[in-house]
Amino acid sequence: MAGAGAANLLAPAVLFFALGALAGWLKSDLTIPDQVAKTLALYLMLCIGFKGGAEAAASGLSQDLIAAGGLGLGLSFATPFAAYIVLKAFGVLDRLTAAATAAHYGSVSVVTFAAGTEYLRAVEVEFGGYMAAVLALMETPAILAALIIAGARSQKAETRLRPTLWREVFLNGAAVVLIGSFVIGAITGERGMARLDVFVGPLFQGALCLFLLDMGLVASRRLAEAPRLDWRLIAFAIAWPLLSAAAALGASAALGLSLGDATLMAVLAASASYIAAPAAMRIALPKADAGIYLSLSLGVTFPFNLLIGIPLYHAAGRLVFGG
Amino acid sequence: MDLTARVKLEIFVEAHAVGEIERMLEDAGFKGLSVFASLEGAGSHGAWRQTGVDEAGMRLIIAIGSEVSAERALAWLSDYFQSYPGVAAASDVRVLRADRF
Amino acid sequence: MAGAGAANLLAPAVLFFALGALAGWLKSDLTIPDQVAKTLALYLMLCIGFKGGAEAAASGLSQDLIAAGGLGLGLSFATPFAAYIVLKAFGVLDRLTAAATAAHYGSVSVVTFAAGTEYLRAVEVEFGGYMAAVLALMETPAILAALIIAGARSQKAETRLRPTLWREVFLNGAAVVLIGSFVIGAITGERGMARLDVFVGPLFQGALCLFLLDMGLVASRRLAEAPRLDWRLIAFAIAWPLLSAAAALGASAALGLSLGDATLMAVLAASASYIAAPAAMRIALPKADAGIYLSLSLGVTFPFNLLIGIPLYHAAGRLVFGG
Amino acid sequence: MDLTARVKLEIFVEAHAVGEIERMLEDAGFKGLSVFASLEGAGSHGAWRQTGVDEAGMRLIIAIGSEVSAERALAWLSDYFQSYPGVAAASDVRVLRADRF
Amino acid sequence: MDLTARVKLEIFVEAHAVGEIERMLEDAGFKGLSVFASLEGAGSHGAWRQTGVDEAGMRLIIAIGSEVSAERALAWLSDYFQSYPGVAAASDVRVLRADRF
Amino acid sequence: MAGAGAANLLAPAVLFFALGALAGWLKSDLTIPDQVAKTLALYLMLCIGFKGGAEAAASGLSQDLIAAGGLGLGLSFATPFAAYIVLKAFGVLDRLTAAATAAHYGSVSVVTFAAGTEYLRAVEVEFGGYMAAVLALMETPAILAALIIAGARSQKAETRLRPTLWREVFLNGAAVVLIGSFVIGAITGERGMARLDVFVGPLFQGALCLFLLDMGLVASRRLAEAPRLDWRLIAFAIAWPLLSAAAALGASAALGLSLGDATLMAVLAASASYIAAPAAMRIALPKADAGIYLSLSLGVTFPFNLLIGIPLYHAAGRLVFGG
């Protein structure tokens, strides 16, 4: 277990994240051009969706998919309410910022999921291809929950932007590529996989390194520019993932999911969104402070999950599942 | 040269607002506009930087039109900026082929 | 045959095109950043040229190359005259827009060609590597034909831009990369291929998916913004490729080309340009309506060829060739 | 500050025209210019968007120079815009180091 | 509309200088700014083009603020341009919500 | 030997450079979008560093590393002083331009190094993975030497920019990625290499072709825009690499390096920087004429080394080493 955790820390992708974080902290001028970073993000989602779909097609749509999907939807929708109560209780965030932050923690991070699957592959634990679909399902409910919490209806400006907002919530580029690729992977199955195996396989590993290098830069620069973060918020950004992961592991065990699926479910629950949620919050809750929710999700929770969370959730899963 | 006075609006807004503001400018009477991507910036909502990871980015919309159109657009924007980040500035320009604006 | 057609519709690349089209139609904010899309286009041409050149070197420059090349040149140059007469006969296009549109249908689409070669590979029909050279040869004559039709000489502005125009016609980036890579492939032959096989092979398949995703977005957005398209123009954009493909198949058979070469010749004849021709028309015939020619070539003919045309031309080829 | 009045031209044209217009501006007496890429826009020739597939895209050329140079450039552009898409606007600016313009 | 007169600075400088000039503008009293990337250009230091290989590229910094802030910034820039490439221009604009500038 | 030289000229990567140079010379509108070119440069450095680190880890840190590293540092720091004296002696360059140009010739070109390693692989000559570290070590000392030569302290403006300058010198993106990837490669060793082998191997070859296509365009356009180059400067840009390579070969032999290491050392010594050095010179010596130093390094020395230098240095190495 300790060995596996250390192995994670020494995986190339994680080290590239650390390199980016170091470079950002030292104020190096290193940057991954933004159009390339955007494409890398889309490409990672294309691969995750496609591989998941192809694997799901190979193994058939099992009951596990329904169980995992239902659990994911529930966690994503319920989490923001709980997180909101906790965040408000600190007394340092206004109502809208607390609601927007809660949305981020209910929603999920694609790259954390990708790192989780790579970790499981490295320690040779199996998981269902349908977990990619669960990832896609968990993006949106948290955003809807935050809108309910914030009573977004009452905001005058939002009425005008409703069409843009709904498109952003349900049809943001990330979700479309993820779900679309899943369906394409499921339709083309093995034959499609045979044609794209290099593209979605070995290339994926490298692209993940490059993207994590960029994430490291972005995360550390964001932290450097956010000196006003209250210590309670930082504690939240570490403790909340732990709690969420524990809840997800427990529920997964109760539902009879496998160790691999349960670990990924914990990773998803613990992860915080930094693409879909901020995009929706900018439109729906413009008065919420993006400096807060992005610093927490991208600057604290993302590195924590990547470096420590993933192996920890897996280790905890093994305890629960007796694996 | 036969130049005519017109007003140029420079509107800095978040990327998600571009479609809506384009429609508004058309309604206000502008016959054309151009949109540019900004790399980084700062304002009352803090500093930001285009990274490709977390930021939607700001856009600069340049629209040249009549005084009346500009008035209408600024009225709309003045309301819009109550809720959303961004700034706008108007200035005087001289154009060729006045009927095009 | 029906099976092969269905197989085409279920190829990953075609499904990614459909995903893009759907996302564009639903007004999703999905976009492939433009610098990346441009690079993907260059990359696809590099691969097509290089593979074609390497294969042509392996099999030697045969008589078929001369036959296919001559036919391609002839089709590209002659087609615009015929298309112009038909388009003018509808009475809905002005002279310049009709000439510019005719140029698009005489010229060719690199990505349609790429999809055609992938289709033939999937159904295991052989074709000559020199068809990549034929593709390159067919880009330009149609543009010259359109200039003759339009009597571009009479346009005052054009005189000033002549150098830019000729460079655009003969030295546009696409043509340079396509022809240059063909030559490099032919020079380096097997040895070069051994070094670049992953780059121009498995990676190509994935890049084609990504590029077709973008093409789907662009095509459906363009159609959505072009409500004024006369039904006769839409009929033209579907019927003309069918006629051109039939003519190309017949001529190929008469010249004794193989089934694979003839199918690709039909695909080239049926395809309409959306990079080289519009770029040249913007300079040479600025008064032609780009909204018309791009909507037809990109919004109607491209999807038609990709989804239906390619398997259809192949099926027709099998009838003609008795394959 | 010792500022001098100059004229700023903002010229929106298709990418293929940039080289030619740069030469024209030099002939007209401009000693410098800067070129920017636009993301999307609309005008009398319809709306367009930079996609990387079918669009050459519009450019914004900014050139600051003397009144006389600007007059010359506008005369040329007025002719150019008879055939090609695009618009141009002139406005007053104040610059440091006037001899540089 | 309730518009207030302000000054807009347009500063063309090399990419490496952006951070320093952002700090300077803040010190000079500007409450906001936006940065854009230029594709190519020419000036007294010759012509350049953004290529991704050898060029750092020029940036355009737009900052709208008070007359006083602009004066201060121009004084600083006048010194800066003794050593480094670049130009700057000031012009008059009218803005909404004057307190934001 | 002649055969090997010809083989270099016919390697795909070199031919793509020639294609780019030809396209630029013919004023084709071909361009590789700048964000993609920047990413390609970073990617090449990531691969070079990572592969070098993994190989160095496999073979252990030998004494050769220390010898080669020390030699590289020495050459990089000493060269600019000598080059400055020669350049000043011509009497055509002012003091600052001469110093800045000298910095470029002391520093190194990553892509020339990459082409050198590909060449050695093609002719099956072994070299140490640690040469990637030597490459990284040689980037900076030449820049410091040029600052000493120019007496940069005396420049008023520089004081203000000192933090930016030092970051640019020691923490420029290229150096960070190169050194960081080397360390990551060394840490993850074989296991990391197994995961990234396609990404840093076959893909690298293709990316190098694409990047060299761009370098060809940039180099020939730069030469076309630099008509004022004195013939003595052009002679310098060819003769100086020859002298540097000879010195490096001799010193390598004296230090007992292998033929492969010595060839790469000669390639590094002969190569001139076109990323790190110009970036630092723009900040530190803004009055130096970038038109001169970039035209020489990018327009003359780079093509010379790529086309002629590399096989020549290898041939000379074989004479010296009796290989």
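Chains here go by letter, A, B, C, D, E and F, matching the order in which they are written, and residues are numbered from 1 within each.
Assume contacts are C-beta pairs under 8 Å (C-beta built on N, C-alpha and C of every residue); 3 or more make two chains touch, one makes a residue touch a chain.
Model, not experiment: these values are computed from the prediction.
Engineer: Using the contact definition stated above, find the chains touching both chain C and chain D.
Structural biologist: none
Engineer: Would you mind checking the shortest number of contact hops between chain A and chain C?
Structural biologist: Graph distance in the chain contact network comes out at 1.
Engineer: For chain A, which other chain has the most distant CA centre?
Structural biologist: Following the centroid criterion, the farthest chain would be D.
Engineer: Compute the centre of every chain as the mean of its C-alpha atoms, then state which one is farthest from the centre of chain C.
Structural biologist: Computed centres place E farthest from chain C.
Engineer: Any idea what the CA-fit rotation angle from chain D to chain E is, to the nearest 5 degrees?
Structural biologist: Angle of the fitting rotation, chain D to chain E: 120 degrees.
Engineer: Quick check: how many Å separate the C-alpha centres of chain B and chain C?
Structural biologist: 38
Engineer: Measuring from the mean C-alpha position of chain E to the mean C-alpha position of chain F, what distance in angstrom results?
Structural biologist: Those two chain centres are 35 Å apart.
Engineer: Quick check: what residues of chain C touch more than one other chain, meaning two or more?
Structural biologist: Touching at least two other chains: 29, 31-36, 38, 168, 198, 203.
Engineer: Please list all residues of chain D that touch 2 or more other chains.
Structural biologist: Residues 16, 36-37, 91-92 of chain D each touch two or more of the other chains.
Engineer: With touch defined as at the top, which chains are paired up in contact here?
Structural biologist: Chain pairs that touch: A-B, A-C, A-F, B-D, B-E, C-D, C-F, D-E, E-F.
Engineer: Of all residues in chain F, which touch chain A in the complex?
Structural biologist: 33-36, 38-39, 42-43, 46, 50, 167-168, 171-173, 176-177, 180-181, 183-184, 187-188, 192, 195-200, 203
Engineer: Which positions of chain D touch chain E when the two form their complex?
Structural biologist: 1, 3, 6, 8, 18, 22, 26, 31-37, 59, 62, 64, 91-97, 100-101
Engineer: In their complex, what parts of chain B are in touch with chain E?
Structural biologist: Answer in residue numbers: 10, 12, 36-44, 58, 60, 71, 74-75, 77-78, 81, 87-92.
Engineer: Can you list the residues on chain D that touch chain C in the complex?
Structural biologist: 14, 16-17, 19-20, 45-47, 49-54, 56-57, 80, 82-85
Engineer: Touching residues of chain F toward chain E in the complex: what are they?
Structural biologist: Those residues of chain F that touch chain E are 31-38, 40-41, 155-157, 160-161, 164, 168, 214-215, 217-218, 221-222, 225, 274-275, 278-279, 282-283, 286-287, 290-291, 294, 298.
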